[in-house]
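Each in structure tokens, the structures are laid out below.
Shared between the two complexes below is chain A, which pairs with chain B and chain C, respectively.
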Partner chain A sequence: MSAMTEHTLAAPAVTRLLPKPGTLLVGLVVIGVAVVAASSAPRVLASLLTQSVIVAFLALGVGLLIRISGLVSFGHAAPFGLGAYGAAWALSPAAPIAPEIGLLLIAPAIGAAFFLIGLVVSRIEGIAFGMLTLALGQSVHVAANKFRTLSGGSDGLIVDVPRRLWGFRTEALQTASGMLIVAVAALMAVLLALAVFERTRAGRLAVAIRENEERVRFLGYRTRAPKAVVLALSAAIPALGGVLFTLYQGFVSPEILTWGFSGQALIMAILGGSVALWGPIAGALAFFVLREELGGLTSHWLAILGTTLIVVTVTWPTGLAGAFGALGRRLTGTVAKGDPA
Partner chain B sequence: MSAIFRCEGLGKQYGGVVALQGVDLELEVGKVHGLIGPNGAGKSTFIDVASGRTAGFGRVHFQGRDITAVAPGERRRMGVSRSFQRTSIFPALTIRDQLDLAAHGAGGGDVEALAAMLGLDRVLDRRAEEVSYGQQRLVDLALALVGAPKVLLLDEPAAGLSVAESEVLATHLEEISAQWNVAVLLVEHDMDVVFRICHVLTVLASGRFLVSGPPSEVRTDPAVIRAYFGSTA
Partner chain C sequence: MLINALNGLVYGSLLFVLSAGLVLVYGLRRVVNFAHGALYMLGAYIGWSVATLYGFAAGVVAAGVALAAVGVVLDLVLFRRLAGRQPLITVIVTFGVLLILEDVVRSVWGTGNRALDPPAALDGVVEIFGAPFPVYRLFIVAASAAMAGGLAAWLRWGRTGLFVRAASHDASVAAMCGVRTAAIGPMVVGLGAAFAGLSGIVAAPFLSIHPSMGSEILVLSFVVSVIGGLGSFAGAFVAAMLLGQVQSFGTVLLPELAALLPFLLMAGVLIFRPQGIAGTKG
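Up next is the complex of A and B:
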């Protein structure tokens, strides 16, 4: 990876890095649908959608780690919760810098912290990695309960969102419809960034490491940092979701740090599937819809959800994204190549 | 003597099994050095220790420098490259993408030209899991060849290829070693390939050095004949 050889290789053209125009169009259509839904959907539905879109950031981070590194996390509520608490802190009088700057630094800071963690744990895989994330998540949860002066303990913190941020009025952010548009636009921007990342050499290197780390090392690379980058991305995205959560709710509590919440995100990621980048987002929407519909019918909705999950993983091991992909190919009559988005 | 790559007393023990013991070997620029021996003789183990895949006994020198403690990736950037007996590629990546990664890792290299030479040019944009086994073997080899390394340690590159494909491969290896000024160590069971392109042969048996010399002499050496008939069907 020496710099002196950089010029001997033609840099991939920018056009090669961008997703197909059709994919970009779908992203714009989704934002358009969000605008329409925000203005016309009943409040209950808008609120449900907004919650699911915010949690979709978490599911996306968990799914990204599965998709690129093949690692399963049971502790990603931690970066989401840290993002939410970080936002609460950035908005508090105790913050050392202006909230406009502080809020923007939270996701990069949490990403950087997870990059360092990634450097340390780069050799850990499989079940051991799952246990490690569980322990990490639990220790953050415990810390939030213990350090009452900082976190408000189990009572949580009420956040005073200033009336204006970046010159905009913040009232809208605390309504379901306003936040829905902002969150969907941010989510689409994150998806676009991830799609570009996957096409860069760094993205392909990350996939190569998952497939055959030993050979990557024999090709002249160190694998520690690229793996840590993926972990960092998978934490920064939930952290951004956490920031939006705080701006929307105006309240944070350790509930968003529980291992149960991490587990829900994992269910969303598996339900949605990892063959397409957007899979976990579909999973998050499906999860909230199922919970809403089934929760009204029976208090045993979790059991039904569990059954659904088993059925999905058995019949479509590639999740909703895989099922949609297969359906799309059948409809358009193209040869099945298993090519994701 | 212009040995670019020198191994001294390489050895390896797996539990109680002595897989390799006290083997010396030197590679010269522009020469193909064959390493042969019956199954389980320690040929792959030799390449594993020499390439830094596993830690063992002995010392490895490259261009006069002791690289025994150098990590595999660093060795590759210095110009010491290897291929794998059990195909070691990236199934989900296109062949172009993985060769591009290999070129970047090695510090440069012409992916298109290499692919054309090995006959992989028509499948460059296919994923490695979609092409034939013979082509996957060539991808494994190509990953080692990208960027014109100075030393190539090849573990049975012709295994799984048809007779015709093996012949083409042998021709390429001959050209590569001569034109790129590469020192090649070739582990190979296909004796037609070995006797056609190797300048020197070293024979291992049960992890130990047996004989070394020009192919014509090794072929008729009684100890070699005994080793082969004694341990393989």
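Up next is the complex of A and C:
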């Protein structure tokens, strides 16, 4: 009995890996809402939601890195953009393997690449990490502009999405409502996977490393691999978003590789907050809704965004997720038990 | 060959003056200022407006003074209040400042390109070893050298310069020794912003003025200060000169890869020597 409790960190039982049934239910409700929204919302709203859900994959990757590793990235447009270009290459007639297989390999491949990068850069943190990601992101952006034969340069690539993939017709993927359902379902699956990951040994080690890497090493754990796993996940998720982006838009250009785009994702992650896994997703939705509403009212959208960012970071560092958490606790009358999951 | 080296020198000195402002602010506030490129752009636009009315010299003065004022306000309103918080919070705040300044520039001056001619006295061409070379580019080198030299001399021998170095090294010990650190902050950030503004107006006739000029050069000035070692002027100088040559020869010898080289260089330095050429650990 006592032996079991002692080893919970080493081998948590499968049931303990799953989030609470209530959380799972919320995920299903969100998918249900997406289905309703996709079938009944006006086209403009549906397309806005679809865009924001696709970019939410990127914000989620950036936010995950902040949440688990405490690292701020200024270059995560790179995995998103590489995912999008990867999908374009996988769908091109010149691709060596069937698009059905190629598309599925993109996110794991980009994740694996970032795992290797993570092993190399594991000692870099803080501001230096931000600068490094900026440099890597800019390199990819420059490369996409330069190597025209591969990327089409600044003109981008137009993608012919085949009419059938995995036996399904793909027309729906290019409509806002069809893609909305697919993207939301995929996003919920990713959230579930992340919630499980955070409960595994590697996930908990990664959090411990953020708190005090030296002490974790002292306890006898290797710290390199868990950190690299988090970086890999934080890249694979945007890559998946990039694949959906290409399937939806049928077009990729270096626009989605600029550091301004990375910065926008960072803003979403911060607006949403990192105290809850879903924070960056809320941040992405808020970002797109704000841009749509304010963009129509005033031309000073950038200044308002900048001011919002400053105010949120300074006065409200837990973002939307933190605000919801506080509201929830007040409504249910429960006291905060440390970091809400 | 020689012309390439000279062009590299011109670009390198411009980068150094810009990065010097970044290094100055980092040294004191431990903040990587993402708004630095926007300050550079603001300097170019303000300088352009004044220069087209009252001549180039007035434009340079206006850019320097106006940006120094912006820097002082930035420090008093934001940086000082955030001094005790995590540096990354302040970094994100400067990102917000960048967005606001870009909006200001777009609203006041629009999104079109602006061109500024060099002043008549500097508008010629000289022969250097038989090859023609624009006088204005030599002026960039001279002006940068004067600004960098002035800054170095002030920090090295000036009484206030000594206080700045002391406060950058350890603000609380400096304060205990009687340095008014509260006054040092706005002064240093103001000076850093003025350097950004001055390099903006000096660069204007050489590069063109447009709303994305700031973010383009910001990343390069980050590359310079990271390669040099954040907070080190000597390191930034070496890195800026190196980057100038890399850019200049890269465009000729490896046109495909030239734009990639700075980032590869930076990534390499960060991986093998995270503290940069001249940086100390920590």
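Quick note on the criterion: the second predicted complex is superposed on the first by the 327 of 341 C-alpha atoms of A that agree within 3 Å, B and C clash if a C-alpha of one lies under 4 Å from a C-alpha of the other, contacts with A are read in each partner's own complex, and residues count from 1 in each chain.
One rule holds for everything that comes next: contacts are C-beta pairs under 8 Å (C-beta built on N, C-alpha and C of every residue); 3 or more make two chains touch, one makes a residue touch a chain.
This one's a predicted model, so the numbers in the text were calculated from it and none came from an experiment.
Undergrad: By the touch definition at the top of the document, which applies to A:G260: first (chain B), second (chain C), both, or neither?
TA: The answer is second: A:G260 touches chain C but not chain B.
Undergrad: What is the contact status of A:Y221 with respect to chain B (first) and chain C (second): first, second, both, or neither?
TA: First partner only.
Undergrad: Quick one: classify A:T307 as touching chain B (first), chain C (second), both or neither.
TA: Second partner only, chain C.
Undergrad: Output check: A:L205 vs chain B and chain C. Expected answer is one of first, second, both, neither. What do you get?
TA: So A:L205 only meets chain B here.
Undergrad: Could you list, by residue number, the parts of chain B that touch chain A in their complex?
TA: Those residues of chain B that touch chain A are 51, 53, 71-74, 76-77, 81-82, 84, 88-93, 97-98, 100-108, 143.
Undergrad: For a test of understanding, state which residues of chain C touch chain A in their complex under the given definition.
TA: By the definition above, chain C touches chain A via 32, 78, 81-82, 87-89, 91-93, 95-100, 102-104, 106-107, 215, 219, 222-223, 226, 230, 256-257, 259-260, 262-264, 266-267, 270-271, 274.
Undergrad: What residues of chain A sit close enough to touch chain B in their complex?
TA: It is residues 1-2, 4-5, 8-9, 201, 204-205, 207-208, 211-212, 214-222 of chain A that touch chain B.
Undergrad: So in the complex, which bits of chain A are touching chain C?
TA: 72, 120-121, 123-124, 126-128, 130-132, 134-136, 138-139, 142-143, 145-147, 259-260, 263, 266-267, 270, 299-303, 305-310, 313-314, 317
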